[in-house]
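Per-chain residue numbering starts at 1, and chain names A, B, C and D are given in the order in which the chains are listed.
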Amino acid sequence: MQFAPKDPDWEARVRGSFAAQAFMSYLGAELCHVAPGAVDIELALRLELTQQHGFFHAGSTTSIADSAAGYAALTLFPAGSGVLTTEFKMNLLNAARQPRLLARGRVVKLGRTLTICRGDVYGLGEDEQVHVATGLFTMMCLSGMED
Amino acid sequence: MQFAPKDPDWEARVRGSFAAQAFMSYLGAELCHVAPGAVDIELALRLELTQQHGFFHAGSTTSIADSAAGYAALTLFPAGSGVLTTEFKMNLLNAARQPRLLARGRVVKLGRTLTICRGDVYGLGEDEQVHVATGLFTMMCLSGMED
Amino acid sequence: MQFAPKDPDWEARVRGSFAAQAFMSYLGAELCHVAPGAVDIELALRLELTQQHGFFHAGSTTSIADSAAGYAALTLFPAGSGVLTTEFKMNLLNAARQPRLLARGRVVKLGRTLTICRGDVYGLGEDEQVHVATGLFTMMCLSGMED
Amino acid sequence: MQFAPKDPDWEARVRGSFAAQAFMSYLGAELCHVAPGAVDIELALRLELTQQHGFFHAGSTTSIADSAAGYAALTLFPAGSGVLTTEFKMNLLNAARQPRLLARGRVVKLGRTLTICRGDVYGLGEDEQVHVATGLFTMMCLSGMED
């Protein structure tokens, strides 16, 4: 899908907001792709991010999917507005045991108040790419609450 | 609802598995209540857990809700089995800007393969308790994969 | 939870809108309880409502849960506004094979734009009440679009 | 994605089961495309399927999405097994006010016990195709309970 940003400074705004999410830097997440309606985030495996079997905790997988989806929405919001996740749903498809995760947030439907996004997470290994999670997110546009 | 654990060692098993979730200790989450079909987890606010407005990131809120729901299920699983989140859904009800979060996981329906849990998160302040999130989780019982 | 309706005519408005939902009468659904923030709907089993095993189709179970949740929200909306489901999630807990279903919609959090509701469906038999489904619904308040 | 059915009679089995879903014929739904991992269902607008504004009720939209997703899964299940929806989530993207709905069920991940599907619903008008809903479904394979 083709989207045209309303704010000429959309990219700087999204990158600035991501940099201000202390949780993302605490996890070690990196913003690796930003385009209108599309944001990708990567996360390298570290012991601190794992559950009891040594795989990525569903919480770390979900955190980058949520930020990728939220920033995909923010790329299309007007200047001076912020983004808020109102709800989401994740299906965990395969064990997230690869050395790196790639979360891809994509806008499915842009609305004035609510914007719906998909968030897919892939586990990247030497020779494989595994679809570890797929989700749907509802993002709200907050006017007058700059991100 | 009243549940009877199948494994006499259920409590030690749940506490042991929680202690092995490196992600929980990285966040600073604490297991504060464990009963058959019910687990509560607390998390204190720190800059590292926040999003761009200084509130708890939806990812940190979700992470403790997921662990609380998963361990609520594990209290009722037979000895020698593990727990896996297959999917969940969260509604974020109010801004999570309180100094402490309390996630309460509760089993709604225990099944042989799939167990459904609720996960509610409350923000605890000096004089308030705010319902910040409510969710539904499907947990899978993994036989022969001890947690 | 205690809720105070904003519109003195809330009950007539909800009953009128339900009566205008042709789909509810086509299914044979009945509005059996209406209170501020709470609506119950019943549905009797008929062959026309079943899936391939003779149980209620997930679609019929979901339809009454959705209407119950939506009308629970509408009881609290201002005069002159309508209600729209923006998203929902259902967990099907047990086979819906009882002679009657009871859907209970309850407001969890009332907001200016978005209102979150729970929807639980019970199968009612001679001597049993089975929890067949639980769900979460996001309802939107449409100002100036009377229901 | 390419899927290879395990049961040589997969198509007859899916068509037979759909024909046995009394609810689908009560709604007037038609099975219009069946392929391995993919099933499409259509539904024409009638007064009986509408909510209070004259659009398709979310329950009718959801019902065909659920059946399309479930049968997409069933195309890939072994002979002698049935399919059961364990949970799903729907986002309603646009008003479903077109003369016809097309629900497209697609398998995202085939598993031994659980299979995850997407279900997208499009409203088809004279000159338009509107994405009215998108959803995620978890289907369970029931061995020894033929559909």
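Here are a few things to note about the model shown:
To be clear about the criterion, contacts are C-beta pairs under 8 Å (C-beta built on N, C-alpha and C of every residue); 3 or more make two chains touch, one makes a residue touch a chain.
Note that the structure is a prediction, hence the values are computed from the model and not measured.
For the pair subunit A and subunit D, chains touching both partners: B, C. At the subunit B-subunit C interface, residue numbers used by both copies make up over half of all numbers present, so the two copies contact each other through mostly the same positions.
Computed from the mean C-alpha positions, the centre of subunit B lies at a distance of 33 Å from the centre of subunit D.
Mean C-alpha position of subunit B lies 28 Å from that of subunit C.
Chain centres here are Cα means. That of subunit C falls 22 Å from that of subunit D.
Residues of subunit C found to touch two or more other chains are 86-87, 89, 91, 136, 138. Against subunit D, in their complex, subunit C makes its touches with residues 17-18, 20-24, 26-27, 47-53, 57-60, 62-64, 66-67, 82, 84-92, 145, 147. Those residues of subunit D whose C-beta lies close enough to touch subunit B in the complex are 86-87, 89, 113-114, 116, 136, 138, 140. In the complex of the two chains, the subunit C residues touching subunit B come out as 89, 91, 93-94, 108-109, 116, 118, 131, 134-136, 138.
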